[in-house]
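Same chain, two partners: subunit A is paired with subunit B first, then with subunit C.
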Partner chain A sequence: MKIRFDKLGVVIAAIAAYAAFLAPFATFRANRIVPGQARSILEALPATAGPLLMAIVIVAALMALFRTPLMLRLAASVVALAALALLVGVAGTFLTPAGNTLARVSPASGFWVLIFAFTLLLADVLTRLNLSPWARVAVLVAAAVAIGLLLVSGAWNDLSILKEYANRADSFWAEGSKHVTLALGSLLAAVVVGLPLGILCHRVERLRAGVLNVLNIIQTIPSIALFGLLIAPLGWIATHVPGAAALGIRGIGTAPAFVALFLYSLLPVVANTVVGLAGVPRAANDAARGMGMTDRQRLFGVEFPLAFPVILTGIRIVLVQNIGLATIAALIGGGGFGVFVFQGVGQTAMDLVLLGAVPTVALAFAAAIILDAVIEMTATKRRVETA
Partner chain B sequence: MKAWLPLLLRLALVVLLVAFVTSPGWFEPMLKPLTENNAPVIYNQGSLLTLTLLHLRTVLIATVAATIVAVALAILVTRPAGAEFLPLSRSLVNIGQTFPPVAVLALAVPAVGFGEKPTLIALFLYGLLPIFENALTGLTTLPANVVEAARGAGMTGWQRLTKVELPLSAPIILGGIRLSVVISLATATIGSTVAAKTLGEVIIAGLLSNNLAFILQGGLIVAALAVLIYDGLSAIERYAARRMGREAE
Partner chain C sequence: MIEIEGITKRYDTTTVVDDVSMVIEPRTIAVIVGTSGSGKTTLLRMINRLVEPTAGIIKLDGADNRSVPGYELRRSIGYAIQGHGLFPHRTVAQNIATVPVLLGWEKNRIRARVDELMTLYQLDPQEFGPRYPHELSGGQQQRVGVARALAAEPNVLLMDEPFGALDPIIRTKAQEDLLAIQKRFGTTIILVTHDMEEAVHMGDKIAVMDAGKLVQYAKPAEILANPASSFVETLVGASERPFRLLSLGRVRDAVENGAAEGEAIPGDASQRDALAELLWTGRPALPVKGADGKPLGRVTVDGLVKRAARPA
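Showing the complex of A and B:
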């Protein structure tokens, strides 16, 4: 039998080999601020765990390197990722001297690169498996449960990022809920305003180009500049309109962040509503008219359901974009996970940056997968119904 | 008359922007009411012109690098030899776009330190995605008959790529570059939180010292730059699309 290499596998195996043998697995620091000392896999783990992880990484990399069945590749990537996740916690406990509360252990570049390599393998397998929308959501839920269990079990408690969390548990959840409120609230407002505006633009052609142009211009303005530009008018409203300040409208803080995210969200919602409605087949509209449906019945009974997947695509763009942009709200006192990112940058405490960045990325990633699945489901349902 | 209005507006915006950046003193009386306690009206820790040029330089370097790498990668995965990477590269682009630019920026700091470097890295990485995505779309949706005709005419793979495939997908690739530049202009602004010399400095200084005039002038310059560059690139894109349309006939 001729042995055949997998091209992507060659890349993954090369990355994994570099990360396992040459890059540091964990960083040890005597306290939070001092520069760290690198530890390789064998130095960072107890006598049995180190060689075990090495063996798992090598076997998984070999599975990737050669042309192996998809299920074997899936198993290899999942086992490697699980072993890395578990053992990085063990490294935290092993490297921290007993009773020392100042010492910090954080995953180093080797760990992250190994995670990247095997996530690449997993992503490739999942792409090739061509999973149904439900299955993709199920994989996401399984991954979330696994990570949740690791967090609750305390396996990672000796890692620096969770020590940062332990110091700020209350504000973490407060900023987190602010982040989600900001992202979802502005999306909701944009849908409430954007849908009717999109329908109006679809019906009134003269309005369309103008509205879309203005929204396009707003979209190109960098976020921090838009936040800044909104501070002055909102501050003016707060001091001159009675009752506005009582409603929470102020120059800095959540109000300008909310308004800016709302303005950014309008373009994808309006534009996709227009595109979706324009894509409704003429025959469907004519048939509905022939049946004697009123304009209103036609809108809700025919046009809207047919345009729904396209509108949903706009909402997906907005949600992912808003979750990311809400981090910047921290710069103008709007709260959110960005608070930890910018505090971390200010204190050069990278674990604090991660405490803000990791949940943001996880939220955006989960939102993208869930909405993609929903879009695919509504689109295929339609195709089945019309067939 | 009506056709002239948009052009006139753009011209006016360019003139205003240049005037503001080169001699901000002229605009001092307008911004004066926004300051309190005799705070400085015009940003005084560096010239606005230098900051604008540095901002543009950062975006330019990152975009050129991102364009070269992204187009090269897109060409690679659309050749028979790289076809195995195509499905994965599509999912990677999807995953990559869920990373907020701020996170990329902040996480680049431990690797390379503060200053312009982390900004350039974040701009480069984040700028790759839209260009790669569009180049992929452009190269995979070429009209089959044109590619066949090129092959039938005896063109080599390299000739087909440089004389047929790339020119035909140029408008779509340009669209990706435009998106990438707009994102880069925004990310470069945030870059000043990691000590890069960009226009974000003016806005952040305003936020820190509660000086509305700083916030407003920084915001206006960045906004005007972004809108003008976006507009200019759109015009180039339309021109390229028109040319390709005519040549394809």
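Showing the complex of A and C:
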């Protein structure tokens, strides 16, 4: 029988081999800011767990390397990821000297690269399975529940990132909710303003180029520069408009962060609304008018439903972009997960940086999957007619 | 009855429709023919006020079409276009129900009407009603488009190249269906096309337009026999003229006494089909049978050729 290699599997196996044999699995540090010492898989885990993890990684990498049935590949990636997730916690406990609260154990590059390799395998399998939108959301929920259970069970409590969390549990959730509020709130505002603006641009051709150009220029202003530019006008509003300061409008803080995110969000929303409306088949529009729909009936009954998937794509871009960008708000006292990132950078404590970065990435990732599923669900019945 | 009086449409300095006057009798089909840019579509769209005229009046059954708001006027007039313009996000049944829903008909009445039209157009309501337009063939989409235009029982139906996107075989079938339905409902139809063949076949009267002007408005035979200008003559096609003239007549009207050999041709067939059959089989005469199968007589090559000559 001829042995056949899987193209992506070759890459995955190579990455996994490098990570398992050459890269450190965990880092041990005497306290949170000194440089760490690398530990390989066999050094970082107890006598039985180390070889077990090596075996799992090797078998899973071989499954990826050769052309194997999809279900087998799915099982390999899930087992490997679960083993990695569980055993990194074990490594934390194993490497931390008993009773030492200053020592820090964190996952090292080998761990992250292994996670990357098997996530790639999982993503490839899920893509090939061609899952329905609901099934993809279900997979996301299952992954979130699994991670949640691991967090609650305390299996990871000896890892450095959770030690940082333990010190900041209250502010973590407060900043988290501020982060989500900033990202979603500015998105909501952008939709409320951007949709009508997009419709207006679609209807009034003279307005279109001007509005889109202005929004384009805003998009090119670096975020820090935009914060700086907003200090003066918002400060003026705070002192001169009665009640503005009471609402929390100031030159720095949440207000300029919100305004900046809102301005960045406008271009994708407006541009996608214009593109979506322009993509409505001419014949459908003409027929709608010819059959006696009023302008409003045509907008809500024909143009808007047909443009909706494209508009949603714009909203997806904005949401993912905003979740990432909201990190910057911490620079001007706007709060959010960025607070931990910038504190961590200031203290050269990478674990603290991760405490801010990991939830941000997870949120953006989840938002992308959920909105992609929604877009696909709305678009399935609305294929563009061929005539 | 539709009365078009001195209708003109100008965009800036270009005159698209130039002082057109014509009367379309009720329960007839008027076909507007012309080359691209002749203003035929604009003229059609001024009847339901998708385009507002610069000057002139259009009366529907004596009432100025500006006496009600545009959208209300359009709900009372059927409208079918090339590429059918079905709403891709609505099912076939929802598409057909568009105007009745706009008019606020009762649910049961709408469902009954949709089922009636779909059955009339040989689309099983159970099977096709819940489908989306992209799941239908081109011919089926076109039928749904016309069914949708007829949904609210309009007296007048405007059609802008409704068969333009169909292949020749489906197109012929669609034309026959439309003629049958026009007879059944007595709808007044105004149809725009660039195809003289279609115009001669479908039209009770043909309006020829050129550069915004109405060049000739007459019965098909008259257009063929006495083209008003060299433009009309070109449009008719000199080499096609005799055959188009023959296509207007039925075999029944060309029957001579006598017998002939071979398969009989039905009296309802067009004289052009009879001549084609004669020429193709190399025979001088064909037997003709009536609808009941009884022999009516025969048609001859000589007799048909005389009928193909320019009328005096």
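To be clear about the criterion, the second predicted complex is superposed on the first by the 382 of 387 C-alpha atoms of A that agree within 3 Å, B and C clash if a C-alpha of one lies under 4 Å from a C-alpha of the other, contacts with A are read in each partner's own complex, and residues count from 1 in each chain.
What we mean here is this: a contact is a pair of C-beta atoms (placed from the backbone, for glycine too) under 8 Å apart; a residue touches a chain by one contact, two chains touch by 3 or more.
Please read these numbers as outputs of a predicted model, since none were measured by experiment.
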Partner chain in contact with A:228 - subunit B first, subunit C second, else both or neither: first
Dominant contact partner of subunit A by residue count, subunit C or subunit B: B
Touching partner for A:283 - first (subunit B), second (subunit C), both, neither: second
Which of subunit B and subunit C A:47 touches, first, second, both or neither: neither
Touching partner for A:293 - first (subunit B), second (subunit C), both, neither: second
Touching partner for A:152 - first (subunit B), second (subunit C), both, neither: neither
Which of subunit B and subunit C A:305 touches, first, second, both or neither: second
Partner chain in contact with A:3 - subunit B first, subunit C second, else both or neither: neither
Partner chain(s) touched by A:320 [first = subunit B, second = subunit C, both, neither]: first
Partner chain(s) touched by A:98 [first = subunit B, second = subunit C, both, neither]: neither
Subunit B residues within the subunit A interface of the complex: 34, 82, 84-85, 87-88, 90-92, 94-95, 97-103, 106-107, 109-111, 182, 185-186, 189-190, 193-194, 200, 203-204, 206-207, 212, 215-216, 218-220, 222-223, 226-227, 230
List of subunit A residues in touch with subunit C within their complex: 281, 283-294, 297, 302, 305-306, 381-387
Parts of subunit A lying in touch with subunit B, wherever the complex brings them together: 6-8, 109, 120, 123-124, 126-128, 217, 220-229, 231-232, 235, 251-252, 320, 323-325, 327-328, 331-332, 338, 341-342, 344-345, 348, 350, 353-354, 356-357, 360-361, 364-365, 367-368
Contact footprint of subunit A on subunit C as seen in their complex: 48, 50, 71-76, 79, 81-89, 98-99, 102, 132-134, 138, 141, 145, 148-149, 158, 165
